[in-house]
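I've put the structures underneath this note.
In the two complexes that follow, subunit A is the common piece, with subunit B as its partner first and subunit C second.
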Partner chain A sequence: MNAGTLMDLILPLGLVVLAEIILRQRRAAEAVAQFMVFGLLMAVAWVRVDAPDLALTEAAIGSGVTGALLLAALRRIGPHREPTRPLPSPARLPVYTATLLLGGALSWALIELWSDPVSLTAAVDARLAESGSSNPVAAVILNFRAYDTFLEIGVLLLSALAVYTLAGSRGRRSLEEPGPVFQFYLSRLAPLFAIVALYLVWIGSRRPGGAFPAGALLSGVGVLVLLGASPWPLGLHRKVVRYLLVAGFGVFLFAGLWGGRYGAMLTLPPEQAKAWKLLIELACMLSIGFSFTVLFACCAGWLGDESGEGT
Partner chain B sequence: MNPQLVYALAGAWICAIGLRGFMGEVDTFRRILGANLLGSGIFLVLVAVARRAPDGPPDPVPHAMVLTGIVVSVSGTALLLALLARLHEEHREEGEGNE
Partner chain C sequence: MEMPLHYLSNALVLAGIFFLFASALGVLRFPDTLSRLHALAKADNVALGCIVLGLMIRQPNALLALKLVLIWSVTQISSAASGFKLAQQIRARALREQRPGGESAP
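Showing the complex of A and B:
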């Protein structure tokens, strides 16, 4: 048994055990810390099943952004959290039955599935040339299944708007003045990160990359800038904030309607596909990055409507 | 047993544990953690399923679904957390009003 085989046994088992430990953790902050570790181990598992680009996104968004959101919300909820008490015993039996049924049924279905592998790789490869990108995952996301991605950006927009509205009338919470070292590095690193994000979008049509990792990177910059107690980016005029949030959805919608002239909604003619794809990805990158920044600021209670007039 | 199936089965049981957390916890914050675990389990199943065919590149369609799902899952979590935080603030204000 070599090291790789051993890892492929220990890692999945460890993930299941860690999931159970997270839920048994008595203190919520510790549970969140373990959840972030879980996300990183999950990313390693994805590398083991040949999905390195997904692993990057999971590490950045699934573990990083979610962890930041959970910690920010936990800090805001603070000492007023409800005490953890056990589930009343009559409710336990149905919950555990449902759990075992789900686990058992999924396992059985997966074992059955494995005996008869079906793959859409050939179907995607056959029409890859028409999609405007040579990376099959990017082709599926932005062309073959553009509808899913369009709705996803819609969900993100909806969530950002709802959270923005919920931010409350408490006004902005003042932040501590950060040290000079932090500000020095922030002012130099933030533009660099922005360039890397643009590069990720550009390279996305050929290699792993694209709007999602780029947006995650931008949101990281956004959160850092917020921690630097800078009024930017949330001090921007409300109208600009709204345009940035809507950009991805708007451009996607326009591209979809434009495609309507060539047949069905969201079908892009092959010769224009590449340009549209780049435009959609740039707009989505801005919206994803900015939405996550707004989501974080609202969950942390840093963004409020000072005048109380509503947003 | 091939290694991808082991990862898929682990994903199935992470789903089950997440469902237990989502339904079986009393604390709302823990329920949100449970829902996230459930999502992570589904992603692991999909990523492993994409690698079912023993040779050639992985299936891009499940990969695209996971990439889409990650963003939706974070959006949902953020909305739940914002609602939870707001709920706590309302409770706190009520508590202060009574004192």
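Showing the complex of A and C:
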């Protein structure tokens, strides 16, 4: 047995065991930490099945940003809560039965698919040239199935807006001195990460990358800057923040309508596809980055109050 | 690749794995958060350093090797900064707990 096979055996097993541990974890802070580890393992698993695009996104969003969001939310509701009590055993039976049935049905569906696989790879490859990108993953996400991505951006926008509107400013932002080490880190590394985010968008048309990992990276920069007690990302004029939140959805929508003049709605004319794709990805990167930053700030109680008393 | 270099690369990666294991053990077993931070920083610093050195030897061209060094140095700086930030929070909390009651924090 070679090392690859061994890893393919250990990884899924580790994922299942870790999931079980997280579900049984009573203390929320520990569950969050373990969830972040789960995200990292999941990213490695995506690498093992040759899906570096998914691995990038999983590592950045699944492990990094989601972890930060969960920790911020935890900070807001307070760590000293009663640990949740497990259900009494008679109540567990229907839950177990339902879970088993659902799991069984899903597994059966997967096995059925396995015996008669429908592959769209050939169809994608055949029209790759028209999509404006040479990376098939990017072509599917931003052109062939742009509809899905459009709605995903819409969901993200909705959630950011909802939280932005509802979250009152609670808890003061600790405006203590970030200290020389962190200050150095912010001033040197934050610009570097921003450049890497742009690079990810640029390279996304040829190789793994694209708006989602780039946006996640950008939101990481946003969170870092927030932790550095700098007023910058929130100090931006609120209108600017709102425009940035809407940018991705708006540009996508406009591109979709624009395509309607040539062919169908939400399709891109092949000769303009590359430019549109880049524009959409840049706008989406900004929106994703700012959405997660705003979500984080709201969860931590640093944003949301219109009077701005909290900061 | 010549044989001795191959062995050197393997030895370095194995040393990296050893340090990784040791630091994981430290994070699990050390008594207080600051000591655990110390163990954690070892993983980013020495363990990743050894692994990167070992892998650098195997790279076919210098650009790939340089990229590995870049990964290591960014991780290094990040680890220092995050360790600093964590320690700052721990200290702030300890001071806060000390002040009102007058009891000494652990």
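Just so it is clear, the second predicted complex is superposed on the first by the 291 of 311 C-alpha atoms of A that agree within 3 Å, B and C clash if a C-alpha of one lies under 4 Å from a C-alpha of the other, contacts with A are read in each partner's own complex, and residues count from 1 in each chain.
Operating definition for what follows: a residue touches a chain if its C-beta (ideal position, glycine included) is under 8 Å from a C-beta of that chain, and two chains touch if they have at least 3 such contacts.
From a predicted model like this one, the values you see are computed outputs, not experimental measurements.
Following the overlay on subunit A, a side-by-side fit with no clash is recorded for the pair subunit B and subunit C. More residues of subunit A lie in touch with B than with the remaining chain of the pair subunit B and subunit C.
Of the two partner chains placed around the shared chain by superposition, subunit C is the only one that A:Leu189 touches, whereas subunit B remains out of contact. Of the two partner chains placed around the shared chain by superposition, subunit C is the only one that A:Leu227 touches, whereas subunit B remains out of contact. In the superposed model, A:Val44 makes contact with neither subunit B nor subunit C.
By the document's definition of touching, of the two partners only subunit B reaches A:Phe292; subunit C does not. Of the two partner chains placed by superposition, only subunit C is touched by A:Gly179; subunit B is not. With both structures placed on the common chain, the touch criterion links A:Gly103 to subunit B but leaves subunit C unconnected.
In the superposition on chain A, contact of A:Leu253 is made with neither subunit B nor subunit C.
Contacts of A:Leu113 after superposition on the shared chain: subunit B is touched, whereas subunit C is not.
Minimum C-alpha separation, subunit B to subunit C, in the superposed model: 22 Å.
Comparing which residues of subunit A touch subunit B with which touch subunit C, the overlap is empty.
Interface residues of subunit C, counted against subunit A in their complex, comprise 74, 77-78, 80-81, 84-85, 88, 92.
For subunit B in complex with subunit A, the touching residues are 2-21, 23-30, 32-34, 36-37, 40-41, 43-45, 47-54, 56-61, 63-68, 70-79, 81-86, 88-89, 91-92.
Residue ranges of subunit A in contact with subunit C, taken from their complex: 174, 176, 178-179, 181-182, 184-185, 188-189, 192, 227.
Here subunit A touches subunit B in the complex through residues 5, 8-9, 11-13, 15-16, 19-20, 22-23, 28, 31-32, 35, 38-39, 42, 45-46, 48-51, 53-54, 57-58, 61-62, 65-66, 69-70, 72-74, 76-78, 80-82, 84-87, 91-92, 95-96, 98-100, 102-103, 106-107, 110-111, 113-114, 117-121, 124, 136-137, 139-141, 145, 148-149, 152, 155-156, 158-160, 162-163, 166-168, 170, 212, 288, 291-292, 295-296, 298-299, 301, going by the rule given at the top.
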